[in-house]
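Each structure below is given as structure tokens.
Okay, so chain A shows up in both of these, paired with chain B first and chain C after.
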Partner chain A sequence: MELRKTSIHQAVEAVQQGEITAFELIEKTLKNCSVLDEGLNIFNSIAGIDALEQAKAIDQKNEKGGNLPLAGIPVAVKDDLCYGVLPTSLGSAAFNEFMSPVTAAAVERLMDAGAVVIGKTNLDDMGQGSTTLSSPGGPTVNPWQAERTAGSAGAAAVATGICMFALESDSGGAQRQGASHCGVVGLRPTTGRVSRYGLNTHCSSFARVGITAFSCENIAGVLDILSGFDERDAATAVCREGITEISKIPNSDKLTIGYPVNAFDFLEPELREVFEKARDEFAERGYKIAEIDLGLLREGLQAYYVIALIEASSNHARFDGIRFGKTGESEILEEMYQHSRAEILGKEARRRSIFGTYLLSKGNYDQYYRQALKVWKMVRQEFKKAFDQCDLLMLPAAKKLPRLLNEEYSFLDEYFEDLFCAPVSLSGMPALTVPAGQVNQLPVGMQLVGPPFSEKTLLALGSWDTGTGPLSQE
Partner chain B sequence: MNLGQGTCPRVPRVLAMKRVVGHESWDKGPVPVSQVSKDERKVIMKYEVVIGLEVHVELLTKCKLFCSCPNRFVSEPNLNTCPVCLGFPGTMPQLSREALNQALKASLALNCEVALYSYFDRKNYFYPDMPKGYQISQYYIPLGSRGHLEIDDDQGKLKKIGVGRVHMEEDAGKLIHETTGGIAIDSSMVDYNRAGVPLIEIVSEPDLRSSGEAKRYLEKLKSMMQYAGVSDCKMEEGSLRCDANVSLRMPEDEAYGVKTELKNMNSFRAVERSLDHEIKRQAELLDQGEKVITQTLRWDEDKQQTIVMRSKLEADDYRCFADPELVPIELTAQEVENARQNLPEMADERARRFVKDYGLPGYDAGVLTSSRCLADYFESCLQLFNKPKEVSNWVMGEFSARLNNAGLEADQASFTPEDMAELLKMIDKQEISGKIAKEVLEKAFQSGKKPRRVVEEEGLLQISDQSELEAIVDRVISENPDTVENYRGGKSKALGHLVGQVMKETRGKANPQLVNELLVKKIDG
Partner chain C sequence: MDDISKGLEKAIKVIKIKVSSSEQEQLQRELKEFLTWLEPMLLVDTGQTEQQFFGHDAVNVLRDDHPRQSELAELQEAAPKFAGGFYLVPKILE
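After this line comes the complex of A and B, so read on.
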């Protein structure tokens, strides 16, 4: 069974009907994993025996007729999601051996459904970035072109066919850009859809647990399991129940796709062409295209960073060296703090903590934070207004092709790449990255954004296009 | 993970003052208080004293504010902890509805306006006892605001003291600076048992005008919180903590003077004394034409003086912002109204009921209801021995005196309402006299023995055996012929002397009424 060509549904059926055991499936996955990881640097840790033990247990349950909806399905989990069985590095060298006493709610749900965690995927310094370039263990290499970054290790794990889906996190666009760079599908769900308990985040306001997979169908099945209320994440109170299967492809004459003209002006011509083609393809298939105005992308990006930096300075304050991570040597408390934090936080994480502290300091609150909160509200309203004129929006996911590993760049350049993703994070609305085309043999993804809890429609439209349509010419 | 339950992580020795102090300075007996001379009083009297109090009260709840760890004291360090209250990566706070309800009750009891929409903020600063590097508190919108309570001012007139705000927050852990044997160590240890315990901070307006008013405000506040069932408010155990801001100004001034902040007062008496000390210090400074500077001072109970902790030029920058991991607190007007209707009976109400239902004098009712524990104790006794005035006399008198001496609340005494009822029944049945009963109470209170056992062991049962008493009466009559003559001569007081002699002979155990009867019969007979 080749995982890339099999849907989760088919694989689970095969396991349940005894065509293949969960043990065999996981064994094969792990072999694949060690071979492919060598050159790509996807995993921080690989499960090995633990995964095989879990698979065995699933096979036993299966024999007793347990209908586990993800029986034996291998999943890669980003290393900022706590998992009690493997180390949770959080993107810090000081946490390489950290065994979290917590397992993230989303991971728990997957395991209960029979999924098997095969490894923890690489991430930026304390999860801060959309390239993996600041990872203490070095960047993850793009499976399409070895001299470029994958953007997200989870997307690379899916693109290489190591696992059928990856559990990701996304604040300013790491997951969505990774999916774009690796040519796979990534869903950032609506605020409150999936519990974030157990996700170590630098930015609580915008961090979401997302799913990356090879097809929308696979995402839908997993989203069904992850959705719903969890008392440990107060925001999930809005989502008391999960969703059911994705509906049929929406009738083209009933769906209007919003095309924010000004957004595409930020792109290089060859990238822009991909989206214009996609738009025309939609129109040819009978969808109405409405040109709309999203004038606040740049301001949205700025507001996102003000808030994200401020929250990072506070969220990362717990890394004081006393309870976890590494404890700095010193007889003086302040020095102990300094040494501990220097070991735990990398250059980018330290930069963000310092910026965040500055932005929130006395005298700056009104000038930066209060303004950012205002812009946040305005962006929300702008997206809401956009959905008066259309059902879905199309936007680029990344501003550029994936970065070259040896490219010189400034941190501001990197922040600017979140231009199309960060404002969507501010809106709180769900976004799905699907492959839209290629430039220079590299995949380019498109974000489909919908109103809150419109995942069904997003996945339906996405699956139609990625399966057969010209939007996914590999 | 380098943190196991029952063990403490070590940090470099923290030299700053322990922010909260436990039992160590509770009442070490009388301490010399700096006497305020007449001249000094004159100096102080020139100024108007302005005091505002910030009181932290630990809420009575089953769980901590944001996790399900039990909210109760344990001596073993780091036992009541979990990944959430230890601030482990990935954990998120989850607001306890019970704590919110308690804070709501407190706000309503203090006549506050309740915010239907409020939220939690983060107060960011590093300290080893604070696991997350920030404290979750309500900074921008408190749950309760613009409340008040009433106290007697120094002239005995009723005075309203404004309560500016009541807000919820989480407590920090504790730093330990010595081993269990009391040996100083070169590092500090952190115990997070208390981290995340729910607190409310109650901030008064600067309406208090003397240390006496401040003390009465605290007493009233404590009584109200106890009545509302919000907190046990035991200052010596840290479930009520008080900081004071104090400044002086000329009576005609509108603007407030420069204030100093007092910390580390561990009893109501310490609050009063430290304020007196600080008022005197400020008055002397001003009188010599010097300036008061903004300072934080800590009260040293042993030395009975204040020590400068730090002089701050500007306020700390806590970089407060809304906690993005918690959803706002939204209440409906109906929920608030329901909570108001369900508030337990408060002191004044209970006092009125005591007068009406038990026929107690207003004074008794006031004293008994001054503390909820004492009032509860009184009513428990009454269940077992239904003579309100007698119970009241004993609870207000002997029992309260013992409590005060021992520094205990009524519910902490080993002398239970059952013991009190037993004692009173023995008096009622004339098994012991009132005088002996006082002795029995004292002994039972100290030893924890049952009153009847004390009476039996000490042989204190009243002598009501006529034949036994007759012999003693006869002896007293024969030994005091002069007094007997005086009595026969019409001096009725002389009889009292003879009764006293009999009581002396019996070490107080004779039934006085019977002795009286016997004497009269023998002499007149």
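After this line comes the complex of A and C, so read on.
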């Protein structure tokens, strides 16, 4: 069974009908993992024996007639989602051996459904970034071109066929940009659809648990399992509508796709061409195209960074070396804090904590924070207004092709790459990255954004065959 | 020392992070660049717009409060130093 060419539904059916055991499937996955991970730096830790033990238990349940919807399906989990069996590094060398006392709600739900965690994937310094270039363990290499970054290790794990889907986090766009850079599909669900319990986030207002997979069909099956109220995350919603069946693509004559003209002006011509072609293809298929205005993208990005940095400065306060992690060497309390925090927080996390504290200080609070909160509101209103004119929006996922590993860039260059993703995070609306085309033999992804809880429509539309998706690549 | 540099120094002190002098110099330059980068957002006419505080507009429904089993034992295991029900830190009193 080749995971790249098999749907989750087919693989589960094969396990349930005894064509392959969960044990064999996971054993094969772990072998692939050791071969394919070499040089790509996808995993921070690999489950090994624990994963095989879980697979054995699933086979036993299967023999007793258990009807697990993800029986034996391998999943990679980003290393900022707590999982009691493997270390949770949070993107800090000081946490390489940290065993979390809790397991994230999303991971629990997957395991209850029969999925097997095969490893924890690489991430930026304390999960802050969209490239993995600031990871203490070094960047994850793009499976398409080895001299470039993958953007997200979960996307690389899926693109290489190591696993059928990955569980990731997304605040300003790391997951969506990674999916774009690796030519796979990534869903950031509506705010409140998936519990964030057990997700270590630097940015509570915008961090969400997302799914990256090879196809929309695979995402739909997993999303059904993850959706719904969790009393440990007060912001979760009761989700009654099932998403598993997405085979019916929305009637083209009833759907209007919004094309924010000004957004595409930020792109280089060769990238813009990909989206113009996608827009024309939608029109050829009978979808109505409405040109709309999203005039606050850049200012929305800046508001995102003010709020994200301020929240990071607060969320990082718990990393004091006393309750978990490593304690800095000193007999003086103040110095112990300083040393502990210097060891735990890498360069980017330190920068964000310090700048966030500065923005919150007297004199700056009103000027920056209050203004950012108002711009946040305006961005939400702008997106809501856009959906008066259209049913879905198309936007780029990334501003550029994936970065070269040896490229010189400033922190502001990296922040600016979230231009198309961070404002969507502010809107709270769901976004799906799907392959839209290629430039210089690298995949380019498109975000489809819809109103709250419109995932079913997004996934149905996203399953259209662009002919450039990874399924058509050998 | 200008106001931004003073503010930065204070922020570093408040959040208790050990930063070398060369890193602090670099952070000063970067903070100035960052504040310049934010200028377009400051120019947005927000008029009577209210502030947004949450990622959604739903109304929170509070659940009943029920006592649960303490997770102290698990938290204890995760702490570098823990004894007698307390996290241990260096002494601040003789």
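Quick note on the criterion: the second predicted complex is superposed on the first by the 455 of 474 C-alpha atoms of A that agree within 3 Å, B and C clash if a C-alpha of one lies under 4 Å from a C-alpha of the other, contacts with A are read in each partner's own complex, and residues count from 1 in each chain.
Please note the rule applied: contacts are C-beta pairs under 8 Å (C-beta built on N, C-alpha and C of every residue); 3 or more make two chains touch, one makes a residue touch a chain.
Keep in mind that this is a model prediction, so the values were computed, not measured.
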Overlay on chain A: chain C relative to chain B, clash or fit: clash
Comparing the two partners chain B and chain C, which touches a greater set of residues in chain A: C
Contacts of A:Thr191 with chain B and chain C, given as first, second, both or neither: second
Contacts of A:Gln145 with chain B and chain C, given as first, second, both or neither: neither
Which of chain B and chain C A:Glu231 touches, first, second, both or neither: both
Partner chain in contact with A:His339 - chain B first, chain C second, else both or neither: second
Contacts of A:Arg380 with chain B and chain C, given as first, second, both or neither: second
First, second, both or neither for A:Ser361, with chain B first and chain C second: both
First (chain B), second (chain C), both or neither touched by A:Gln371: second
Touched partner set for A:Arg323, first chain B, second chain C, both or neither: both
Which of chain B and chain C A:Thr6 touches, first, second, both or neither: neither
38-46, 74-82 or 344-352: stretch of chain B that collides with chain C: 74-82
Where chain A meets both chain C and chain B, residue numbers: 98-102, 205, 231, 234-235, 237, 313, 316-317, 320, 322-324, 327, 330-333, 336-337, 357, 361
Parts of chain A lying in touch with chain C, wherever the complex brings them together: 98-102, 191-192, 205-206, 231, 234-235, 237, 296, 298-299, 302-303, 305-306, 313, 316-317, 320-327, 330-334, 336-339, 341-342, 345, 347, 350-351, 353-355, 357-358, 361, 363-364, 367-368, 370-378, 380, 410-412, 415, 428, 452
Residue ranges of chain B in contact with chain A within the complex: 1-3, 9, 11-14, 83, 86-92, 94-95, 122, 124, 126, 128, 131-134, 186, 190, 317, 319, 321, 324-327
Residues of chain C defined as touching chain A within the complex: 7-8, 10-12, 14-19, 23, 27, 30-31, 33-34, 37-38, 40-42, 44, 46, 49-56, 58, 60, 63, 71, 74-75, 77-81, 87-92
Residues of chain A touching chain B in the complex: 80-82, 88, 90, 95, 98-102, 104, 196-200, 203-205, 231-235, 237, 310-311, 313-314, 316-320, 322-324, 327, 330-333, 335-337, 357, 360-362, 365, 369
